[in-house]
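Labels run A, B, C and D following the written order; every chain starts at residue 1.
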Amino acid sequence: MINKKVDNVKEALLGVTNNMTFMLGGFGLCGIPENAISELVRLRIENLTCISNNAGIDNFGLGLLLQNKQINKMISSYVGENDEFERQMLSGELEVELTPQGTLAEKCRAAQAGFPAFYTPAGYGTEVAKGKETREFDGKMYVLEPAFKADFAFVKAWKGDAAGNLIFKGTARNFNPLMCGAATITVAEVEELVPLGVLDPNQIHTPGIFVQRIFQGEKFGKRIEQRTVRKRS
Amino acid sequence: MINKKVDNVKEALLGVTNNMTFMLGGFGLCGIPENAISELVRLRIENLTCISNNAGIDNFGLGLLLQNKQINKMISSYVGENDEFERQMLSGELEVELTPQGTLAEKCRAAQAGFPAFYTPAGYGTEVAKGKETREFDGKMYVLEPAFKADFAFVKAWKGDAAGNLIFKGTARNFNPLMCGAATITVAEVEELVPLGVLDPNQIHTPGIFVQRIFQGEKFGKRIEQRTVRKRS
Amino acid sequence: MLDKIGIAKRIAKEVKNGYYVNLGIGIPTLVANFVRDDIEVEFQSENGVLGMGPFPFEGEEDADIINAGKQTITTMPGASFFDSATSFSMIRGKHVHLTILGAMEVSENGDIANWKIPGKMVKGMGGAMDLVASADNIIVAMMHTNKRGESKLLRRCSLPLTGVGCVTKVVTNLAVLEIKNNEFYLLERAPGVSVEVIQNATEGTLIIEGEIPEMDI
Amino acid sequence: MLDKIGIAKRIAKEVKNGYYVNLGIGIPTLVANFVRDDIEVEFQSENGVLGMGPFPFEGEEDADIINAGKQTITTMPGASFFDSATSFSMIRGKHVHLTILGAMEVSENGDIANWKIPGKMVKGMGGAMDLVASADNIIVAMMHTNKRGESKLLRRCSLPLTGVGCVTKVVTNLAVLEIKNNEFYLLERAPGVSVEVIQNATEGTLIIEGEIPEMDI
């Protein structure tokens, strides 16, 4: 077993600097690397490019880095519900590259899997395809999209072990497994770091080879963005 | 829940005919759809194109279809250890398209995921790339490989439910999950068909949407090709 | 004239036995409530769940189990969770049979615009561009006109497109329309709404063939 | 002169702490037995397992747990199983640090041939083409000459290629050689083997710089 365990978030983020490109897992506030984000806020590094499906809300998730103006460019599919984001974007302070969600997912997967680029139908005929190569296969049009390149990927899992194996819970899985191994260094924070051998080898979502550092996260807030319930009848 | 359960292999294979293209899961004899193969032998349909990493052995797996001369063309990555196969291939009775294993896997995944083709470095500069488009990305050369097209995919899983959800065991997973949803109709045979709700939604390897028919398999032989053991010291 | 609930009810009739369905945010989400319970249907949400159920009972919300609208949900027996790449494999690979989503504009050739108002609103396309680029069966749920009373069924969309030539049907507060041959075909009128009202509210080419029945919802 | 075990022992020294390693069929498989046990290493097999262990005890074989050579195996704590696409993501994505495989021919520019003898033998490339096209560190384990005594280290391969310009090192029964600048650089001699013997058994350009040490295995 190759040991990936580090003691805390500080050690896990060694080497992050200004001007880097980061991938951050999560959909909305679900499955986001809360500990890594807090540490990035504390470190005050800036001029960052962040690849993440969403941009958090004003006072949680990536919203915290936005408030601090640490982010220079966001690559996301959906950025609603964030006033500070909208302000920075419309004022031109923040560069935003909107990418169809399936394309965003596959650009991560391509980076993980060593594919340089791929053809997808998403965005053909729209401004997303502007300046990009398009091509017909079997009578349908596709857009060529390159794989992402990033320095660090920050992901959040439910359970993990020292070998770097990860298991996610529910829809908190989302982009997290795709970002593992898609950046030079992948840092995983887990709710529960279990002893080696506890996880069933047949039920690993992300094999440890895709993870360089893993640590036990602290105080996960796990906020709910839209609390919807029904009454008991 | 959309019910995919059928009563037996006969019902599961309704619609298979001569001249079709099939995908068959498995690596060597590990995780092969034994029940489907037996039924194809019984049905005596012929002039088949089979996509499968290997071609079985003389008296098991796809070797049974070869003995019957039901297969016209094989698309595989490795076909050693099969005398009848070698004879048919060298005599020209059998057409063989050898494909790098990772390319074979991805051609299945591309079909499943709606990608028309992909660029892979495998086979560049070899006869595998002959006649294919090649292209440079970041100083490295890649070959464009199209997605597979197939009429039926036959896969074998460990456990499954009526919704078509599948769980595989150990290395019997291999190509099986990638072929699900990669053909017009996917037929899954399982060692154990469990009641709906028994499988943990978090631990499904193949969501039921990729499977059209599922049935409880019978009498799995699960032969071992190379029995290697060590002595107890 | 229909309200949002009415639109959802009418669209629910388009959901057939054996369908996997992706519901967009807003009116489409309501459709799930009105699907006949004697047919087999599964709802997919692109953030990574198949087999969505109703909202959880109070106190049973789980922050790790949400839909694409970020609402807390439950799952049905036979459900599964998966990553975003697998989710879009389902969509891009045409395994999802029906996509229902909202729009700001639809044109007579089936273009749709629903993600951006230049200089004003840029929330992003989320999964909509993947959905409309891949699905064979796309129903748009929307009001027939915008807040200024202008038609949203146009000859050409004025807003940045989400997808081209992809919408197959539109269900509005006034009518059900099919898009074919680069024209809107009027199929049904909302209760109490005349053909003339629909004609006046439709900027794109409207084809009216024979007697147009009132919706049965 | 080394036997197969000797070659495996020498290659085992190339396996460094923290390496994920893919071992081909034949001599490479033996390498696992000789890796120092004070370093952290994991073995990947392209049929879908990471963290391979030794062969099972008699009676404990599981038909569902095999390596790429179709041999029954066991797994170590921390192991994982995955599908073939994920397996080649590890390989193509350069997450595997070292690939060790056999060859029929290697050329001085790093080409390798190991999958086909036209008209005679066609077993297929299996995962070898993916491995050699992607890995940065590829060691070939083979005999220096074939059964007819002809060199397998050539100016140009005569057999159909598996990959081009990819081999970084060759370990044979006679020597350890590095491939750079389109030449074979002699690094080490097998015990008791002279430089002259190696020179005579090598058809490709052989660079001999200074005193060539004997292997320490």
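Heads up, the rule we're going with is that a contact is a pair of C-beta atoms (placed from the backbone, for glycine too) under 8 Å apart; a residue touches a chain by one contact, two chains touch by 3 or more.
On a predicted model such as this, the values are computed, not experimentally measured, just so you know.
*Asks:* Going only through chains that touch each other, how many steps at minimum separate chain A from chain B?
*Replies:* Graph distance in the chain contact network comes out at 1.
*Asks:* Determine, using the mean of C-alpha atoms as each chain's centre, which chain is farthest from chain A.
*Replies:* D
*Asks:* Higher C-beta contact count, B-C or B-D?
*Replies:* B-D
*Asks:* List the centre-to-centre spacing of chain A and chain D in whole Å, with centres computed as mean CA coordinates.
*Replies:* Once rounded, the distance between the two centres reads 36 Å.
*Asks:* Distance-wise, how many Å sit between the C-alpha centres of chain B and chain D, to the nearest whole number?
*Replies:* That pair's centroid distance is 28 Å.
*Asks:* Could you state the distance in Å from the CA-based centre of chain C to that of chain D?
*Replies:* Distance between chain centres, rounded to whole Å: 55 Å.
*Asks:* Which chain D residues touch at least two other chains?
*Replies:* Counting only residues that touch two or more other chains, chain D contributes 49, 81-82, 85, 88, 91-92, 134.
*Asks:* Which chain B residues reach two or more other chains?
*Replies:* 109, 114-115, 120-121, 168-170, 201-202
*Asks:* Which chain pairs here would you call touching?
*Replies:* Between chains, contact exists in these pairs: A-B, A-C, A-D, B-C, B-D.
*Asks:* Looking at the complex, which residues from chain A come into contact with chain B?
*Replies:* Listed in rising order, the residues of chain A that touch chain B are 114-121, 137-138, 140, 142, 146, 167-170, 201-203.
*Asks:* In the complex, go through chain B and note every residue touching chain D.
*Replies:* 27-31, 53, 76-80, 86, 89-90, 96, 98, 100-106, 108-109, 120-128, 158, 168-178, 205, 222-232
*Asks:* Mind pulling up the chain D residues that touch chain A in the complex?
*Replies:* 18-20, 40-42, 44, 49-51, 75-82, 85-86, 88-96, 134
*Asks:* Please name which positions on chain B make contact with chain C in the complex.
*Replies:* Against chain C, the touching part of chain B is residues 1-3, 109, 111-115, 161-163, 165, 181, 196-197, 201-202, 204, 207-210.
*Asks:* Using the touch definition up top, name the residues of chain C that touch chain A in the complex.
*Replies:* 45-49, 54-73, 81-85, 87-88, 91-92, 111, 115, 119, 122-130, 133-134, 160-165
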